[in-house]
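Supplied in C-alpha cells, the structure appears directly below.
Chain naming follows the written order as A, B, C, D, E, F, G and H, and within any one chain the residues start at number 1.
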C-alpha cells in the first residue's frame, strides 16, 4: 500500500464509502514499506542509484548472467553494472548477455559501462603499498569509477621506500578522499593520513604470509593508526572502501 | 629555513653576494620541513587548525595544565582546547590556568571553549546503543563540537528495541555524517547504515563482559557490516571518530 | 500518535474537518511507535512484564536506589524487582527505599519480592559444576524465581565425579528447562543434555585460570557440545540464561 | 541384564536357588545400562524418536546408504530419515536404497519423508540475513520439518534493510520459536529478539571473508546480543538449532 | 543404599518378607552411588587417599580454616593437608586450628604434615627454568611431597645456559617422573625430554610479559614439543602436575 | 674422540709419549658427544629401542620406502616398524620392500610387525568420543601396540550418552594408563579421569567445524580439566599420546 | 629536477634571467626525489647492491623470466640473481633466458650465480631444528650465499637431542651471525643464543600441526626467548633472516 | 672438576699413581661444566662482561639492593650496574648501598655507572614514535649506554608526521645499528628500515588501547615489515633490543 492507495482510502472515508474505524483497521495491517511514508531503503539506493552491483562469489555463472540481464533490461535505468569476485567463467556467461562487458582478471571484476556521467565532486585517489595489493586496489578503482567518480591510481608506493610516496604528494593533496590498500604491516594509511587533510579509507589486504594471519596484522595496524583521519573497512574489501569514498565524494 | 629565508638566499644570488654553487650547497643541507616547500603536516593542521587537543592519559595533572596554558597563550589563536581521557584531578589543575574550563565526567573530557564558530557544513549525528556506550559517544560529541560542528545526540537507541531508532529517522536522514558508538554485538551501525545515504563512522566500545573480549566482538561485527557506507575506528575511539566526521563535514 | 489519535484524524476526515490530502501528510510524518500499530517492544515486555530489572554494574548506589524507587511506586504494578551485579553499598542504598530488599552476596543480586505468583508452567533446574560456578548459578536461580518460575538447584555436580550428577537424574528429568553453569572445560551441559529430552541453556563461567582464558575455554566447549539440545549464552550471563529459560517455561 | 533378568534373579533368591550373597555379587557386576533402571539415553530418543539422522560428512556414499537402508528397514518405525552434509554422490547412493529420497543441494541435505505427522505445537520461523546464509537456514528448515514441525521461512531479511524484516513482523510474532541464521556482523538475532517474546536460537554462519574469521565475528556478536531471549549454537549448525527449536516446540 | 542395605533387601526376599517384584521396584529407584556397586569416585580417592587438598582461591580465611579443621578431625585419617593458592591471612586463620601448619609464601601453599610415609616408588624431579617460575615449581614440589613422594628440586636451569641443565643430568636420569615448569618460550621440557626416558609433565607458567600472553606462548611451545615423552597441564598448574606425577609414581 | 681414543691418550701419558699438559689440551678441544661419556640420546632410544618410527608426512613414497628398507636391514634389530601419516601410495611403495607391511587407511598408519613381545606392564586403554575421532584413536592404538603394549579399544563412548561409557567401567579400571581422544568439547578425559585412578593422556582431535577452530576448543577444554590425573598432548597427536602412555606403562 | 637543474636555475638567477621570486616558485613545486639531495632508497640498494631479488609468489613463470632477463641485461651489473618462492614451471621459464640458472626444489629458490665475490666479513651459520625446517633454512642459506657471504649449514640439530647441537659448538662459536630456523616449540634459538656471543636471527617455521597454529607457537616462543641476543623475523621468512644477517655481516 | 684437577689426574697417570683405565672412569663421570673444557656460558659473558644486570620486576627492594651490593663488591670488576623494571622504593634501597645510583623514573631503570669506556664501534640510534613509547625507548638508551655504546636519541618521530623523521635522516644514516620503539600500528621500523642500510631492531610497545591488544598490533605490524633489514624483539623489551644492538655494535 503506497501513498496513493492511502490517499484513495482517505478519500473513501471522505466520501463516506469507508468508516473511520474500518479505515483504521486497514491502516493497522498494511505492510510497512508499501505505505511509502519514508524512503527507508537508502542503502539499496546507495548501491543501485549509481551502479547496479552483483557480488559474484557463491553464485554460478548462469545466475550472475541472469541477474545482469535483468538489471540491463530494467526500464529507464542506464546505470553501470558491476560484478565483483567474478572469474573467467562467470565473465564468459555475462559476456553472452552483455556484449560490452569487460573483465579485469587481477581483481576479478566485471564491468558493464553504460553511463559516463561523473557524479562525484572531487577526485578519489586509490593508493596501494605493494604489487600484491593491486587486486584489492583495482576493485576499489573500478567500483569508484562505475559509481561516477574521477579516480587517480597511485600503486606500489609502500612505506619502506618512502620517497616513492613523497613524489606523489601533489596527487594526494589534490584528492577529496583517499583509499589506501595495504597488506603486511598496514602502515601506509598512517603515513598518507599524515600528509593530507582529507578522509583516508584504509583497506587491509590479505597479502603476506606467516604472521600476517590473513590480513589481521594489517587490519590491527590500521585500527591503531596514529593519524586521526583514518577509518578502516574489512580485509580485502576494496568494494566497500569505494562505496564509502563515493558516498563522501558526493556530499 | 623557511620560504622567506630561501628567498633571501635567492636574492643574495641575484645580488651576486652568494654564488649559485654555494647556494646549491646550502639548499642541499637544509632540513626538510624548514624549507617550507610544502605544507607537510596537514595532520597537525587538522587537529590544531580547529581545536587544540591534549591526550590526557599518561600525563600528570601538572603537565596537562602546563600544555593547556601554553596553548591558551599562543598569540593570534582563539581555538578551542580539548583534553581527552582526563580525570577530576587533571581538571582541577587545568581549572587553575583556565577559568572557563569545563569537566565532563562521563567521558573524562575537559573543554575550554573560546570560539563558537561553526565550520562544518552540515550536522553530525552521534548515535549510541546503550547507556554504557555514552562515555564514548560523549567524547565524540564534545570533540565534534569543539572542532566547530553542529551535533545531534541520539543516545540509547540500541537494536534490540528497533522502534526507538526508527522514531528518530528524521534526525538520522538530516545528518551529513553519522557516528555510531556501540558495544556488545555492535549491530547498530549496520542498521543505521541501511537507513541513510551518508557516511557512518562506527566506534566499537569496550562495554560488556565475557565474550565481548574488551570490545573485540563489537569491532569484528562492525568490520563485517553488511551496510556499505560504514567504516570503523579503534575501540573506544570517540575522539578519532569525531576527527574523521569533522574532516568529512568540512569537505 | 496512537490508534486513538489516528481514529480522531480519520473522524475529522469523515466530518470534512480535514481533507484527505492533509490527513495523508500528517500520517506520513507521525513517529513510528506512537501510531500503535504494533506492540514492537516485546523485549521490554519480556523483562518488565514479569520482573523489573536493573543492571547494577556501572551505576552508582544512589542511581540504582532511585530507579528501584521509581519501579516500586509505579501504579498498578506488583512485579518483583531484581538488581544484578550489585554490591553491599548498592544494597544499602536500595534498602533505604525498599525495606524488603534482600542481598545475595555470592551472586551480587538484590531482590525485592512483591509477587509470589508462579507463571512458569514447569520447573527450571539450575545445575552447576563446581563451587566457583555458584555465583553465576545463583544469579540464574534468583532471576528465574523473580520471573515467576519454580526452580530446582543442583550445585557442585561436575563431570569429574559423574556419580554426583547421576544421583540427581530424577530432578533433571523432571525439569522443563535446564540451565547449566560451568567453567573450566565446560563439559557439564553435554553430559546433562545427553541425560534429558528438554532444552539445556549452557552458561560458561569465567572460573579458572591460565588456559581458561576468562571463560573462553568453557564457551568453546559448550558451543561444540555433542548433545543436540544445548544452546549457549555469554560467559557469566546467568541472568540471560534465566530470561531465556523463563521465556521457554511460559510457552 | 534387563529388568526381566533382575526379576528372574530375585525369583531365584525367593526360591532359594540363589543365595542373597551371590545375588548381590551378580548385581554388583552387571553392566549399567542393561539393568534398564532408567532410560538414560534421552539424547538418542530425542533424535531418533522423531527423525533418524545421519551426519554425512566423513562418511562414504556407500556407508551412508547402508545406514539409511538399516534405518528404513527397522520394524515398526515410520520415522523420517535425514542426512546432513551430504553431496550429490552420496545422494545417488542413497537414492538406490530409498526411492523417495530427495536432495537439497543448497544445504547438502537428503530427506526421506515417511511421516507427515506434525508433533510440534506451534510454528518455527527460520529467518536468515543474506542469500549466502540460506544453506544453513535451509538445513534448519529441513531438519525442523523432518522432526514434525510447521516451519515458516523468512529469508534475506538482513538488518541493513530493516524494513524488509519489519514487513514480516506478523510471521515473527506468530512463531513459537525462531531460528535466526546470519553471518557477517550477526546482528539479526538481536533485532528479531527485540521484536518478539519467544525464544530465538541464533546460528552464526561462516559467510563472509576477512575479519569474519570463518563466522567468529557473527558468533561473538550473537553471544553479546543485547536481546535477552537469544541463545546461540555453533557456527553453521542449522541442524542443531532445529533440534533445540523442535525440542522447545514440543514442550 | 549401600551394599549392606541391598544384602538386607535380598535377605528379606530370601526370607519371603519382601516379594521379588517389590524388591525390583526398590532397586529401580535407589540412588546410584549408594548402591555401592562400584567405586565410582576414584577421583576423590586420588586426592583424599594421599592428601587432603583445599583450593584456597576464592575462599575466605575462615572457610579455609573450617575445612582444614574438619579434615584434621576426621577419624582414622592421618593424611597430610595441603592448601593451595593461599595467602598470609588465610595461613593465620589456619594456624589457629592447626598449630603445625607451615606457610610457603613464594607458592602460596600451606602444608599441614601429619604423615611422613613415602608411597611413591621412585623420585619425582621438579625442574624449573628461571627464578620467576619457582612459585609454580614450589607448588609442585610441596604437593608431590604431601602426597608421599621423594622429590628432587632442580631450579633455575633454563635453556639459555644449557650447561646448567647438563650438570644435573644424573638427577634427571635417576628420576622416575619429571615435572618441568617454564615460562617465556617454554623450551625446557623439550630439552629435558630429550635427555631422559621417563614421562615429563610440562607446566607452562605465566611468567614474562608482552608476547608471553599470560603463559600462552609457553603453553603452545610445550604442546608442540619435539620430545615424545612430554605431556602438558594448564598454565601455572603446579598442583595438577604433581597429582599426575604422583599418580604415575605409584604405578 | 670416543672412549677408546681417550684411553689411548691416557696410555700415551702413562707411557710418557704425551705430557699431561698436552693431553689436557687435546681433551679440552674434543667434540662433546664423541667422548662417549654419557648416552645422551635417550630420546632416540625411547623411539627406536621399542619401535622404529617414520613420520610419513612431507616425505615421498620412495623416501619412506627407502628408510623402511634401511630399518629392516639393520643387523640385530627385530623392532617393529611404524609409519605414521602415510597414504595408499606410500604404502604401495613400502609394500614392495616389506611384504608384511599392513596399511590402516583410517589413521593413515603403515605397520610392519616383526616382534610380538609385550614389554608394557599393564594394559593401555584407548578411549574415543565419536566416530570421527577414530583416526586419531587408531593411530594411538597401533603405535602403542607396535611399542609392545596390550591395548584395549573403547570407541564411540562420548559424554552425551554417558551410559555408553559407564558400561565399560571395568575396562577403564583395569587399564594402567588411559588415552582419551576427543574432539568437539573435549569433555571425555574429565569424565574418564573422574572414574579411574591412573594417568589419563588426553588427545584433542581436529574433529568438528565452526567454533571447534581446528581442535582448539577441545584442547582448551582438556587443559582446563577438573580431573587432576589428566595431561594433554597436541591436537591429533595420537602417536605422541601412545609414546607417553607406553613410556609410563614400562615404568 | 636534479642538482644540475637546480644549479642551472640558480645560474639563471645569477644571470638575472630568472627573478628570485619565480625561482622560489619553481623550487617549491619540484618533486622530492628528483632533486637528488639524498639517496633515500637505501633499501633498494640493500637488496640490489648485492643481489637482484624476485619474489616469485604471485607471479607467472613468464613474468618472472622477463624480470630476470631484464636484470641480467642491465649494463655494468654482475650481481647474482635470486628468485624465491618459485616452482618447477617458473624455473623452466627462467632457464630459457638464463642458462646457468639452478633450481633448489626444497626451498623453491632459483639462483643465477654471476659473482663469486665474498663481501661478508665473517661466516653466517644457518642452524635448523628438524628436517621439515630445511626448506626455510635452505632459503636462508641460498640468499646469504647469493649476497656474498660464507655460510655454514647445521641442519637437524633440534633441542630434543641436545648433544647433536653441542657437537657443533665450534661451528657456532666461529660464526659472526647465526640464523636459527625452527618450528614446533621454537626452542632452538634460545639454546643457541646461550651458547654464543653473536647475534642470533630466529626464523619460526610453519612446520607442525594442531597447536602449532601455522608457526605461531614457534613465533611466540622465539619472541619470549630467555637469551638476550635473539631477534625474530616473520614465520618462514628465511629470505628476510638472511638479508638481516648479511647486513650485519657487512658491518 | 676443573682444568687443574684434570691436570692433577693426568700427572697422577704420568706418575703411575693412577692407571689409564681408572683415569678414564673418573673422567667419564665428572660433571660437565667443571671440567672447564669450553666456555659454554657466553650468554652470561654477554651480560656480565659489559654490564651487570638485575631484572627488578618480582624482586623486593631489599633483594635488589643485596644483589647490587654483591655485584659492586666483586673484585676486579668495574662494570656498570643496571636494574630494569625498578620503582622508587627499589631505588631508595639501592641508593643506600650504592651512593652513585641514579633513577630514571620514566623507564623505571636504575643505573650505577662505574665505567665510561666505549666498547661499541659505532653509534646506536634509538628512535621512538610517540611520547608514550619513551619509557621503552629510554630503557633501550640506558641499557645501550651502560653496555659501552654511543647512543643517539630520536624521540617522537612517528610516521603520521613523516617530515619529523625525514629531518633526522642524517642521524639515522650515521648510526651503525638502529633501535625503533613504536606502539599503535608499529609502522616506524618499516619506514626507518627503508631509509638506511644497517640493521633495525624493532621493539613493539604496549602503548595504545582497544585494538592495540597490549602491543600485539604493533608486534604483528613489525613482523610483517616490508623492509628487509628489520628484526623484532618482544613487546616493551627495550632492554633486549639494546642487548642485541650492543652485540652487533661490538662485531
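Here is the rule we go by: a residue touches a chain if its C-beta (ideal position, glycine included) is under 8 Å from a C-beta of that chain, and two chains touch if they have at least 3 such contacts.
Small disclaimer: the values here were computed from a predicted structure and weren't measured.
When you check each chain against chain B and chain E, which touch both of them?
Intersection of chain B and chain E contact lists gives C, D, G, H.
Among the chain pairs A-G, D-E or A-B, which one reproduces the interface of C-D, with more than half of its contact pairs identical by residue number?
Of the listed options, the interface copy of C-D is A-B.
Round to the nearest whole Å and give the separation of the Cα centres of chain D and chain H.
Roughly 59 Å separates the two chain centres.
Between chain D and chain F, what is the gap in Å from one C-alpha centre to the other?
One centre to the other, that is 39 Å.
Counting in whole Å, what is the centre-to-centre distance of chain B and chain D, each centre being its mean C-alpha position?
Centres of chain B and chain D (C-alpha means) sit 50 Å apart.
Per the centroid of Cα atoms for each chain, what is the distance between chain D and chain G, given in Å?
Measuring from centre to centre gives 55 Å for this pair.
Chain H: which residues touch two or more other chains?
In chain H, the residues touching two or more other chains are 38, 40-41, 43, 160-162, 166, 193-195, 210-212, 216, 219, 223-224, 227, 234-235.
Going by the touch definition at the top, which pairs of chains touch each other?
Between chains, contact exists in these pairs: A-B, A-C, A-D, A-G, A-H, B-C, B-D, B-G, B-H, C-D, C-E, C-F, D-E, D-F, E-F, E-G, E-H, F-G, F-H, G-H.
Which part of chain F faces chain C closely enough to touch in the complex?
129-130, 158-162, 166, 183-187, 190-191, 193-195, 208, 210-213, 216-218, 220-227
Chain B touches which residues of chain G in the complex?
Going by the criterion above, the answer is residues 3, 6-7, 10-11, 13-14, 16, 19-21, 23-24, 27-30, 37.
Mind pulling up the chain B residues that touch chain A in the complex?
Going by the criterion above, the answer is residues 38, 40-43, 45-47, 122, 169, 173, 176, 193-199, 201, 219, 223-224, 227-235, 239-241, 243-244, 247-248, 251.
Please output the residues of chain E touching chain H within their complex, sorted ascending.
Contact set of chain E toward chain H: 131-132, 160-164, 166-167, 169, 209-212.
Hey, which residues of chain E end up touching chain C in the complex?
Spelled out, the residues of chain E in touch with chain C are 31-34, 40-41, 43-44, 57-58, 204, 206, 214-216, 219, 234-237.
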